[in-house]
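Okay, got some structures for you below.
There are two complexes below, and they share chain A, which is joined by chain B in the first and by chain C in the second.
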Partner chain A sequence: MKTNTTISIVISQGPFARICGKEGVDLALVCAAFEQKVNLIFVDEGVFHLVKTQDANAIDDKTHDKQLQALAFYEIEHLYADSQSLRRYSLEHGDLLDTVELQSSDEIHQLCRQSKQTVTF
Partner chain B sequence: MSRLHLISDSFETQTLAQKSERYLEKNDSVLLIADGVLMGLQQHIVQSLLDTSDNCYLLDQDCRCRGISLLLGKQPNGGRLKLISYETMVDLCARSEQVIAW
Partner chain C sequence: MSVSFCLLVTGSPTQSQAHLSALEFVAATVKRGYKIHSVFFYQEAVAVANRFVLKPDDEAQLGKRWLTLSHSYQFELQICVAAGNRRGVLSQEEAANLDDSAITQIASILPQFQVVGLGQLAATLNEPRVRLVQFK
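Up next is the complex of A and B:
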């Protein structure tokens, strides 16, 4: 299979309980700053980073959904969420940020296979 | 009130079943906190918890920050999980003879 120079960053940990997700987004921004193409992919509990109704004030923390919405300005154009993970938690596409594209697990597998590097958080 | 389980992770169905077998007994109370609240959106998991325990709680703050309070309300069994505050959580822990965190 032909690989391209894209870096796939896969976030599988949920927000708030751990900082892995934030680190994944930070890495995406660093990659974009160095003009690397990035796929930012959310799977398993990671899809909760994309839920629109988050309210970090409830636990005196902050969300980074504003940061996620701004990713297009950093030329990170593709935010993907695993549709099977959404089904597991009865989430719908409309519950997520508007910029998110749904992909099946097979399609995500292909995205990673075609990427030069894949990093998971 | 005898025994309270604090579950702070969102487990796969099979993992939860294994852990439940190890720790959980009939009529124990269960409080889902942190990523544990995400299991409240999984119908079959909620059902299995309710089959074991009459007292299943979710920490309200952890649901609100994750943006799932409304979604929980749409679940068929959502109403049987009681949303509680930090204060009530402290009260539950203090009143329990045993607290098991997993």
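Up next is the complex of A and C:
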């Protein structure tokens, strides 16, 4: 028996210091493959995952922006960034991938409350 | 059928309180008559299943405590294969992929832990009466 479930995955760590973001996105992809509705939410330093001018050549590793850009293909429809976090780092909506929707902290709080589950990274 | 709990443990056994809190949660939950569906270890938490960890006798033996609880209350201990592989917590099958032939036959994971994919967690979350609690 299967029920329709929404999971919010909140990423608050930056892209290069820790592996949290990558492992969070991996969980999001798998949940989407299992037909869950996924809210992928970036807050605090996590918003740096969404910056579209990252250069993988500089770090001899891969960056996430390409993978994140393709999320709609994996049926993760909503990619959210916390607008207060953007302001803190002097980032603007235009610095981020085009598919990102900005939300206030209150709205993100609501998204999590309306989800069956929330997992934080 | 009543509610059962799936625990997602992501915190390190050495750098967080995640495992101690989760172990206490299991005991309290069972005492109140609820069931533990399963415990899923992801991120740094997978290190608790490494059988090559040696801790002084008078300190909390977290791996052993998980084994005891899972045996007493009949729930599975599940380790994410990708998270384990990144951190050297390998089943014999996974160790066979190593280049170093001297250690390809050696599993570093305690055999009572089940090596599974992330899909196992997603499938558990799709079950209607399972509640998720994360410890990080």
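Throughout what follows, the second predicted complex is superposed on the first by the 117 of 121 C-alpha atoms of A that agree within 3 Å, B and C clash if a C-alpha of one lies under 4 Å from a C-alpha of the other, contacts with A are read in each partner's own complex, and residues count from 1 in each chain.
Quick note on the criterion: contacts are C-beta pairs under 8 Å (C-beta built on N, C-alpha and C of every residue); 3 or more make two chains touch, one makes a residue touch a chain.
These figures come from a predicted structure and were not determined experimentally.
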{"item": "Clash-or-fit label for the pair chain B, chain C on chain A", "value": "fit"}
{"item": "Touching partner for A:9 - first (chain B), second (chain C), both, neither", "value": "neither"}
{"item": "Touching partner for A:95 - first (chain B), second (chain C), both, neither", "value": "first"}
{"item": "Partner chain(s) touched by A:48 [first = chain B, second = chain C, both, neither]", "value": "first"}
{"item": "First, second, both or neither for A:17, with chain B first and chain C second", "value": "first"}
{"item": "Which of chain B and chain C A:61 touches, first, second, both or neither", "value": "first"}
{"item": "Which of chain B and chain C A:25 touches, first, second, both or neither", "value": "neither"}
{"item": "Per-pair minimum CA distance [chain C against chain B, superposed on A] in Å", "value": "17"}
{"item": "Overlapping contact positions on chain A, where the chain C interface meets the chain B interface", "value": "none"}
{"item": "Of chain A, residues touching chain C in the complex", "value": "1-3, 5, 7, 19-20, 23, 26-27, 30-31, 33-36, 116-117, 119-121"}
{"item": "Residues of chain A defined as touching chain B within the complex", "value": "14-17, 45, 48, 51-59, 61, 63, 88-91, 95"}
{"item": "Chain C - residues contacting chain A, complex", "value": "8, 10, 42-43, 82-83, 86, 117-119, 121-123, 125-128, 132, 134, 136"}
{"item": "For the chain B and chain A complex, residues of the former touching the latter", "value": "8-10, 34-35, 38, 41-43, 60-62, 64-71, 74-75"}
